[in-house]
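In the part that follows, the structures are each spelled out as structure tokens.
There are two complexes below, and they share chain A, which is joined by chain B in the first and by chain C in the second.
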Partner chain A sequence: MSNRKINMKEKYSLLTRDLEWEYSYRDYKEIFPQEEFEGIKITDWSKWEDPFRLTMDAYWKYQAEKEKKLYAILDAFAQNNGQQNVTDARYVNAIKLFLTGISPGEHQAAMGFGHVGRQLGGVGARVACQMQAIDELRHVQTQIHAMSHYNKFFDGFQDFPHMHDRVWYLSVPKSFFDDARTAGPFEYMVAIGFSFEYVLTNLLFVPFMSGAAYNGDMATVTFGFSAQSDEARHMTLGLEIIKFLLEQHPDNVPIVQRWINKWFWRGTRMLALVAMMMDYMLPNKVMSWQEAWEVYFEEAGGSLFKDLARYGIEMPAYAKTAIAEKEHISHQAWSIFYNYGHAAAFHTWMPTEEEMDWLSEKYPNTFDKYYRPRFEKWREMEAAGERFYNPTLPMLCQTCQIPMGFTDMEDPTSTSYRQSEYDGERYNFCSDGCKDIFDYEPEKYVQSWLPVHQIYQGNCGGPDIEDVLGDYYKINLGVDNMDFHGSPDEQRWNAWHNLPSAEEKLKRAS
Partner chain B sequence: MSKAYIALQDNEESHYIVEAIEEDNPTATVIYQPAMIRIENEGSLVIKRETVEDKMGRDWEIQALHVNLITLGGNVDEDDDQFSLTWKQ
Partner chain C sequence: MTVAAITPDYTGERRDRLENFHGNQIVYVGWDQHLMFCSPVAFTLAPDTPFSTLVDEVISGAFSQHPDFAEIDWGKVQWHLNNQPFAPERDKSLIEQGVDHKSIIRMATPGLDGIKGSGS
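Now for the complex of A and B:
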């Protein structure tokens, strides 16, 4: 026996490839029944290369170290009343949206990678999926754990899994992951592993988390960066799966390109939520959504797609539309939520004068021209005691499920609206991207669970909208919803910091 | 050319890694942002175990990078002695 220490490459080979065996008494297709139906051709799984060469023993070692660091900080945050040291109680609403909208997606990703890992014939890919499934489970657990502290002091956190399955805006991320998980294994890998992880998650976990740090939220930045350190590995896996599929067979190229187009667009739509979190929900600003988009999509994504050009892969279709939308999307998304602030489980508000000035400076081509006048009008209405709430239910896009509030980039004052007919029924879309996704697989998307349709069909309780919001969504009416100004969250915050209440401020002014 | 980049959590251990990266990649740009440090370089970026060990004054495994890593851009190549990011175009 030699005591020679084996190197990383040998260890990786022994602890992954060497776990595989020959299937001698069962047919390969019986063991991996989903490997062919999407049209992807795999000729040789041994060509799979995992650049990180992480083995299970090293994985546990480093993940344990990450967890210890994370929990030391979460404990310190709780012990030192960290919730009182964030910049402003408005900020906590971004965290409510994170817990209800994003963390359940981590759980969906864990389930997805668990499933897909079983379906891929190559052992290297299976081991990588197994680690990613465990990572995603770790993310949802640490996120719930970190945010449970806020639940003790702020409203709107209490029923997040119940809400995730029902509430109108949470159907946006929920349907995104449902769509990916009901696709075949290779589409799932391109959807979540590549398009989402590589191209888009940086926008959520890097600039937003840096912003959380800048707003005194030590707990969130720590779980965010701890999660993103796994994402770096996931991104690498995502890029690997793409290169592997493209190298295996030229017939794979158009299939992969179609999936990239689809999932880039679906991901971009979902990130409208993150855009407004960045521009409207961080009282201390690090960078605008537009700036983050330029660094993490245009620059980093641009390098990536230049690198993939040698395989015949192009920039995602509608990247141009998404790039034009960077100057609009956060303002439009925030307007939608302000309109429906009575129907959301977090608070909305109009930006202060200073914040509007920051938006004008960061969005010189669009904010003053299209959005500031509307916001100033809403602010006047609020001052006059007539805070605007939209009493109707919005039409939703059949694909992304976002209310039809986005506009055409050629004419930013008119709503972007597309239609398709299928089987005698008319379907509505917010964009060419969403319409194309539907048109390619209409039989899938006609089944979409659209919250507004479901309310009108009587499937969400009722008859009044308050019954839907209170009984079916479990929003504590008058507590979790409505404007931040006048909310119990605001009152508690002011009491902690000996700040005057809104009424006292008014009295003093008069 | 495209920029290869890496972002690390802004902490004591990372400061040594950043020092090592600056030494091994003289053209790299280091950008400090709240709670994070982003290092970018045209075409490629390399982290060498030996240089990091030299800065830290102790043994350091390449895979320990995972503990402080936030994100990266480029094709990864990793072995016992170095970790590199490159764009091939």
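Now for the complex of A and C:
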């Protein structure tokens, strides 16, 4: 046997398309039972253009190089006590939100692509899904490693997988991925591959990674760099799936449009968490949520949908509402977490005077008019020793599961209420987007595991809310939760930096 | 079609049906123009709870931290039930006047528009 070297093109063909074989003794529909039920019509899988142009052996080599660099920097970060060099201990709460809310989503994406990669009839699409599944697994793993150092010095990191499955606000990202993973394979690809990884991904990664860079968090920044080339590949896959589906059959167009409408809306609702992180949790601000939204959705997304117009695809149905909400959503989301700061596994706080001025400048139409008076009142209450906590559990949206803290954009001081009746029961929503998603597939969303209702049904321990928070959620009460001011995190930080405690500051002032 | 499913006639478990709440029902209450309470709140109450108990105990426990709360003229409160105008009778129970499971009660207090009139 000659051991001539095969060229790249041959190797690529052998390691992707050539992995397929003829199905001679089983029916195609038996092998790929999920390919038809969504109504998507595939006429020719060979038209699939492999987005990655990468073979598995090259992939391993490439990723291994990146890992070496990443872990070298993580080691250096740990040995140099990098945790002391972030801008302020408040910053670390953004990382807690990332580890509990986003990293488990990477794991969900890994499982989702693993499953879908088995269900698609085209070998090119299957190989692409397999690689993305491995990428996602790598992301959750490296994120946990990058953030584990903080777990030694700050509270709230310790039980993140347990919390992800139970805690009220983490049901928002959890139900998002559960929804995608229980859909058919093509909806999953449009939901995660296109709507999330292509249309909205920059709004997730740029804020967190730039936020880390601006706030001295070398560990998280380095993870970000290490994931960047993967994300670029994922975006290519997202775009390929859309173009492939639209080119295969005209009947696919309305189905794909409906999925884009749905997943754009679900994605923007989930990104409310990122919006508040950017505007409220970063001591050094990168840009405002509104600015990020304008750059990454209105400009970049706008030109994408112009490109897709030739297929008959339009802007997502609720884009107008989402665009109007850019001036409100971060303030409303932070209000929710401030209300329920006693029930969260990270700390909340009121912005300083300087930070409020930044918000006024960035949100000239909304901040002083709607939000500053509320925040100043809360600050007064805190100064009087009566830090405001909402004593009652919130009403949640049946679809996105977020407390009903969003308002009607025509009337921004009025809560947005929507209601449907289905099979003799009432269901309530925060928006037209969430109501329409329910109305189209009520048999799916009647099953929503709404944390507040589960507590009231007695399924989360009890009888007191403290029992739910402590025993069922595993929040260390008085340590992980409550206001940043007075927290053990703050005390440790002040001790490291020889900063006066809040009490000492008061003493000196008087 | 009520769900895209591979199983014919798929139905989902109704996770929040009335029977799951041990004899109680869920009632949501929102106070218009008082977004210091970030969202409407959820209570679990017996269907035969008198409306007076809802106002005097339940609503009061939820919203009394707000400086406007003590100023409310309860005779002038404008009520909505599931988005329809509603004239509750204090002595009647919730269920007798149509407040059923997962109903939304909204109260508006004209003249009281939140902190510095901001709707908070």
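Things to note:
Basically, the second predicted complex is superposed on the first by the 497 of 510 C-alpha atoms of A that agree within 3 Å, B and C clash if a C-alpha of one lies under 4 Å from a C-alpha of the other, contacts with A are read in each partner's own complex, and residues count from 1 in each chain.
In the analysis below, contacts are C-beta pairs under 8 Å (C-beta built on N, C-alpha and C of every residue); 3 or more make two chains touch, one makes a residue touch a chain.
Owing to the predicted nature of the structure, the values given are computational and were not obtained by experimental measurement.
With both complexes placed on chain A, chain A has more residues touched by C than by the other of chain B and chain C. Using the contact criterion defined above for the overlaid structures, shared-chain residue A:Lys306 touches chain B, although it does not reach chain C.
By the touch criterion stated above, A:Phe225 is placed in contact with chain B alone, chain C being left untouched.
When the shared chain is aligned, no partner comes close enough to touch A:Asp251: not chain B, not chain C.
In the superposition on chain A, contact of A:Glu361 is made with neither chain B nor chain C.
Applying the stated contact rule after C-alpha superposition, one finds that A:Lys9 touches chain B and leaves chain C untouched. In the superposition on chain A, A:Phe52 makes contact with chain B only, while chain C stays out of contact range. The residues of chain A shared by its contacts with chain B and with chain C come to none at all. By the touch rule above, chain B contacts chain A in their complex via residues 2-5, 7, 9, 33-36, 62-64, 66-80, 87-89. Interface residues of chain A, counted against chain B in their complex, comprise 7-9, 51-54, 58, 62, 65-66, 69, 202, 205-206, 209-211, 213-214, 221, 225, 228-229, 231-233, 235-236, 239, 286, 299-300, 302-304, 306-307, 309-310. Of all residues in chain A, only 33-34, 37-39, 183-184, 187, 332, 335-336, 338-340, 369-374, 376-378, 388, 390-396, 403-405, 407, 412-415, 417, 419, 423, 425-428, 441-450, 452-453, 456-458 touch chain C in the complex they form.
Interface residues of chain C, counted against chain A in their complex, comprise 1-6, 10-17, 20-22, 24, 26, 28, 30, 32-33, 35-44, 61-62, 65, 82-83, 100-104, 106, 114-116, 118-120.
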